[in-house]
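Look for chain A in each of the two complexes below; its partner is chain B in the first and chain C in the second.
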Partner chain A sequence: MLLALKIVAIVVLALYALLLPFFACLGLAELGMRSFGWFTERTAPSLPVKLGTFAVAAPKFAVIILKSIRRNLLRSSLSYLAIFVMVFVIAVIWSILGFLESQTAARAGNFRALVTDKFQIPSQMPPRYVAELTREVMTLPEAVRPDPVKDIMTWSFVGTSLDPDPAKRSAENIIFFFAMDPRGLLHMMDDLEQDRLAPDEAKQMRDNVQAMRDNLKGIILSEEKLKTINRRVGDKLKCYCFPAMYKDIEFEVEVVGTFPKSAGRYDGNAILNLEYLQKALDTYEKTNRKPHPLADRYINLYWVRVKDEPTMMAVSDILSQPGKFATPPVKIERGSSAIASFLDAYKDILAGMRFLLVPAIVVIMILVIAIAISIGVRERRPEMAVMKVLGFQPWQILILVVGEALLLGMLSGTICTTLAYFAVNSFGGIQFPIAFFGKFFIPWSALWWGPVLGIIAGVAGSFLPAWSARSVRVSEVFAKIA
Partner chain B sequence: MGSVLQMAPEYTTEAPRVRTERFANLRARFWPAYDFNRRLLKTLISIPIIVLPAMLPISSLLLMLPAAIPDETVITDAASRSSFWQRIGQRLFAIAIGAASIIALLVASHEIVIWLRLQGVLRWITWIVVVYLLDLAVLAAVGKVPLTYNLRNLLVRWRISLLTAVSFTVVVALLTVMLAFVNGMYKVTEESGQPANILILADGSTDEVFSNLGFSDVALIETESCPMDKAGSPLPQRVQWKTNEVDGRNRVWASNETYAVACQPLPDRPGEKRFVQIRGIVDPDIAGKVHDLTLQHGRWFSQAGVLTPQGAQPGENDQIETTLGAGVAREFGKSVGKATLIVGDTFQLADRTWVVVGIMKSDGTTFGSEVWAKQNLVAKLFNKNGYNSMVARIADDGSRETIMERANDMAYHLANRFTNPKVNAQTEVEYFSKQSETSKQFLYAIIGVAVIMALGGIFGVMNTMFASIAQRMKEIAVMRILGFKRWQILVSFLLESLAIALIGGLLGCALGTVCDGWSATSSISSGQGGGKTVILRLAVDAKVLLTGVLFTLVMGRLGGLIPALSAMRMKILESLR
Partner chain C sequence: MTAATIVNVSELHKSFTRGTEKIDVLVDLNVEVAEGEFLALMGPSGSGKTTLLNLIAGLDQPTSGRITVGDQVISSMTESQLARWRTRHVGFVFQFYHLLPVLTAYENVELPLLLLPLTAAQRKRQVLNALELVGLSDRMQHRPGMLSGGQQQRVGIARAIVTDPTIIVADEPTGDLDSKSASEILDLMEMLRENLNKTIIMVTHDPHAAERAQRIVHLEKGRLVTETTNGDEPIVAFVRN
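Right after this comes the complex of A and B.
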């Protein structure tokens, strides 16, 4: 019973929260138009005749459109809600597609190249490759030579659990680490670069990195992960590696910091000092008197930021020289290209979202608007006839009807994407696990394409009913009434 | 007390009235939208309250209505005056007969479902659909509902009815396609596992790609048998591996496999790559038997695993023989402008030339997306020591249930009692059912999207029905004067919205059926790392279609009930005015 009451209360509040901005916008728009009309009526005489006439007529016209919307508020509200939810789905889909597209698109000016095992997934390279690759990269001409600290980074993926029993692994105890030199966090990681962060967040990251350098066992976790495992900064944890990855390796780590709030893409991730992983593998060798099975292939990715495409090609040439980097052979590619390869498995799903789901939702939006406007036009035929008698031109009636739908669509789109932007992004994004991306956020651009989408649906859905309204025959309508 | 009231009537009636009017005037001045807000709040509160009962069969809902609103004359034209206790009794009676009618409908529908011999999810969906259909049949049979009037009205307002129906068509067609995709993913994971097969991975591994079994480990496992069940009680007959006699000695049905995921540049899109799943097999004949795979074309790769091209010396430019899954053959074919690769075709992978010697009949399984080749070549090429996994079959005589029980015992035995080496063993069915974690996530996402799209359809049909009712207020009043009861008006309008929904929904189902058999690429995983790319076929089956119909009925009911209730509650005189 209590649950049912809660559901009822939530639905009522949600509906109210969705409808209130709509009513507020309508009210404010009418107030604005009326004030503007009052102002133009007083200033029109000082304007040229045509401009003055237009200035007086336009706000009046807008007020008629607004009145048409609030004439049947129930219908307008239902149409608004329908378009609202549809735009929301499209906003979510486009946010996902847009983000993935941005990740797979080559970006000028931030040319990060990725060196990995040429053939095999997951890539596993010997640790000696790090020094050898860096040495080779340093042979580039000085003008294009990368900085070994700021432009080079290596990653090793380390899956661990807080529970030693593999059977008890769950989201509540799994921590997935990127083992790396912490200095790379400040220069090489998307959304964590110093110049991209707000000053306080940039300082937070600098402090975190310093803490990791001071304390080899220091780790950085996302706030979300900390919450999931019910720990806080300063806590010490014992992490047991997945036996399939780093069998018999354990880490005793201390949480020294969290990722900045604005770097939501790192939710669920963690950073471990690569040096600590190396030491753990050395300790294993000393204890067991044999190297760890992964001791010779624990480097998964080697990142290097190069100046441009020719520099990348030059690096590629160096790496493919006979005798160098042969076991295993390596390849160099753009980071975006590597991500695109991972997304290849999802190509049909993404194509379905883009070419089937989104167009179908737009069609439904157009139909909903067409239904509402058709009903309105059908009900108001006598009114249209009177307007014609009063001197309204057919095109003006057409604009009145199209304007009503356009305004309805625009308001729905604007309110939806604005609310979605703030609500979704502040509640931690949309969870949709695809490849290694888990969360997506509504981009700024949604604030303009949401209204545009609503306008397009409004115009497309109302054009035919509007055409029928402009063709109303006065004599026929009055004959029927008589 | 009475005399005081008589002496000062203004304190009893006039004064409050004046105060109320004054308050109302003030309110109207400072809060002009009060009435609208009050109505809006009432409507908003009523929506969720109505939504839940709207899912009940209409006949039961009608019988129960007097329990909530005893003063409404829903069933009869006159509400008799009754005492407090009588009203309580009436309410209880209404609840009782409403509940009885629900039970009767449920039981009758259940009988029909049993008679149809349906199983699993399909059984539940059919049950709900049959309940709704029976409910409609009961209403149509019992009541003198003016159905022809409603149908005629649909034709008179055909444009708006058509637009509304089309929106239902689009929503339901889309739902059908999306469900067909998830259904295809589930089919892949369901059909890939054999009930008698045990999949053995290295201890702690949850996925083949991260597993590593030594050569000696698999030899030890092949000699193992299971003497006890999970509880530790001795089994009447040990669970043993299935064997067959080859060259005078017993051979265990076990396939030792090396699994690798390789990166292949796309021949038709320079600079782009795809991931290819390669399975190195020791003995393709045994592996085919264990995985229940046969050849569609060609042959299995040879014992040597390589083919020397004509004119070349052995060892020089040797091509790796491969037997492809049907799905991956199609994908590779697309890249070279063919429908599918055929026997004799070659492709480049890991700097070697691979020649297709056979195509497996593997559609609908994960193996359809794999490239099979000789194990030692794959291991050498991808720097793998030992095997990644071992799949072995237990002696599979008996019913499916018995086999699965014995397979579970064997898997438990290997995972918990066999320690030399410690391994992670599970039945293949269990392994693939864990791999459907991604399918579940997609299913949840699809349900979310479908519900939101359905809201669009519901608001659309609500608009249509509200407009239809607003235009026919006088007609409704005339019908009431002619003797139609309130419930008949409700049912009449509800059926009208359901008719629009059903026409659109059924068309949507029909349209969605077109996608049956389409091929699509996706990924399955257990959500703990790893995962497999699979080439699946979209599957529109009875379950998907019935879900579409159910969705249509629910949308039609939700969209139609509130307008129908408003039509039912109209007062005759007010409507005529």
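Right after this comes the complex of A and C.
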């Protein structure tokens, strides 16, 4: 009973929160139009006659449109809510697709070449390759030569659990590490680069990196993950590697810092010092008197930032020389292409979202508007006829109907994307684990394309009913009434 | 007729097609209405009186024949020309008032003026004058739902006269009113004719309403059958077998 009451209260509050901005916008729009009308009535006499008439009539027509929306508040509210929900779903889908697209698109001025094992998936390269690859890359002409600290990094993926029992592994106790040289965090990791962060966050990252360099066992963890495992910065953790990856390897780590708030994409992830992984593998060898199975292939990715496309081709040529990097052979590709290849596994679901789900939602949105406006037009056919009798031209009646739907769509789109932008992004983004991306955020561009989407749906959905309204035959309407 | 003819309907023919059947609604009709005249159109249902009214008001176009209102031949106008013409020259009073429910009485009366090049002051003056003429100055901020049937019809009349039209056409203006309200509306229409010299053409089934008109034209099966000047015996004007 109490639960039911709570649910009812939440639904009522949610409706109130969603509808309040709609009613407020309607009220404000009417107030604005009336004020504009008051202003134009005083300035119109100084304008040419036709322009003056238009200037005076336009805000009054707008008020009629607003009043028509208010006429059946229940229907308008339901239409608004339906469009709101659909724009929200599209905003979420588009945010995910847009982000993935941006990651798979080459970025001018920030070319990152990715070297991976040519045939093995996941890529597994010997650690000696790091020094050898770096040495080869350093043979590039000085003008395009990468900085070994700022432009090169390696990643080793380490999946661990806080519980030693694999049967008790859960989303809550799993920690996924990127094992790397901490210095790479400041220059090579998306959204963590010093020049992209706010000054206080940039300092936070510098402090984190220093702490990791000072303490080999130091890790950086996302705040969200810390909350999930109920720990805080300074706490020590014991992490047990997944047997399928680093069997019998354990880490005793200390949380030395968290990711900056603006780098929400790293929620759920963690950074481990690569040197610690190396030491753990050495310890394993000493203890077990044999090397760990992954000891000679624990480098998953080797990243190098190059100046431009020709430099990347030059790096490719160097690495492809006969006899070099042959066991195992490596391949080089753009970082964006690599991510795209990685996302290939998800291409069907992503294509389904893009080409089926989004168009289907848009069509449903148009139909919702079409139905709502059609009902309204059918109810108001006598009014349309009266307006025609009074001298309104068919196109003016068409504009009144389309304007109603356009305003409804625009308000829904605007309110939805504005609320979504601030609410979703403030509450930590959209949880949608895909590949190594765990969270997505509504982009600021949604603030313009949300309203545009609403407007397009409004115009498309209302066009047929509006055409029917403009074509009302006065004598037929009144004959039916009689 | 001493006054100038303001409406001239000549050899008017209107037919509709229903399926394969052609229905003649008006057949070779000739009617003249003088300026400042109050004319009632009577006849049984389906006799074509509303069709004639719609044609005179420029709401429909004849199959053949000619309609002149003032100095303009409206029977050859296009739809948009007719719309523009109606704004200035026709005031329409409906049986069911047909006020826009979301607008106040003032805004309803103001509606046709939005299409005309008037200053705010001119528009306001005309609306207030019209509302005062129908005795509703104190109800101008009321919505139709807050007014009685008689009051709504007064607003309808104010809306019809606010543009100072050449003719006022009324389709059963008292058909939805009680006898007291109907009488008041008819008083108002008579007043408009007498004081403002308005030309009024009214369709009605109600003999009491028709009595208020100066002339009554009876239609039957699309033909004008009798024409009566108020107080006179009916005269057979035109009968075609």
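Some points to look at:
By definition in this document, the second predicted complex is superposed on the first by the 481 of 482 C-alpha atoms of A that agree within 3 Å, B and C clash if a C-alpha of one lies under 4 Å from a C-alpha of the other, contacts with A are read in each partner's own complex, and residues count from 1 in each chain.
We take it that a residue touches a chain if its C-beta (ideal position, glycine included) is under 8 Å from a C-beta of that chain, and two chains touch if they have at least 3 such contacts.
As the structure is a prediction and not an experimental result, all values here were calculated from the model.
Of the two partner chains placed by the overlay, only chain B lies in contact with A:P243; chain C stays clear of it. Of the two partners, chain B and chain C, it is B that touches more residues of chain A.
In the superposition on chain A, A:I7 contacts chain B only, with no contact to chain C. In the superposed pair of complexes, A:I375 makes contact with chain B only, with no contact to chain C. Of the two partner chains placed around the shared chain by superposition, chain B is the only one that A:Y346 touches, whereas chain C remains out of contact. By the touch criterion defined above, A:G98 reaches neither chain B nor chain C. Residue overlap on chain A between its contacts with chain B in one complex and with chain C in the other: absent. Contact residues on chain A toward chain C in their complex (touch as defined above): 41-42, 44-45, 49-50, 52-53, 56-57, 60-61, 64, 67-68, 70-71, 382-383, 385-394, 474-475, 478-479, 481-482. Across the complex, chain A is touched by residues 36, 40-41, 43-45, 47-49, 51-52, 159-160, 163-164, 166-167, 170-171, 173-174, 177-178, 181, 201-207, 209-212, 260-263, 271-275, 350-351, 381-383, 424, 438, 441-442, 445, 449, 452-453, 455-457, 459-460, 462-464, 466-467, 470-471, 520-523, 527-529, 533 of chain B. Of all residues in chain C, only 50-51, 54, 57, 59-60, 79-80, 83-84, 86-88, 90, 92, 94-96, 98, 100-103, 110-112, 114-120, 123, 159, 171-172 touch chain A in the complex they form. Considering their complex, residues 4, 7-8, 11-12, 15-16, 19, 73-75, 78-79, 81-83, 85-86, 88-89, 118-122, 159, 166, 169, 174, 242-245, 247, 293, 327-329, 331, 337, 340-342, 344-349, 352, 356-357, 360-361, 363-365, 367-368, 370-372, 374-375, 378-379, 432-433 of chain A touch chain B.
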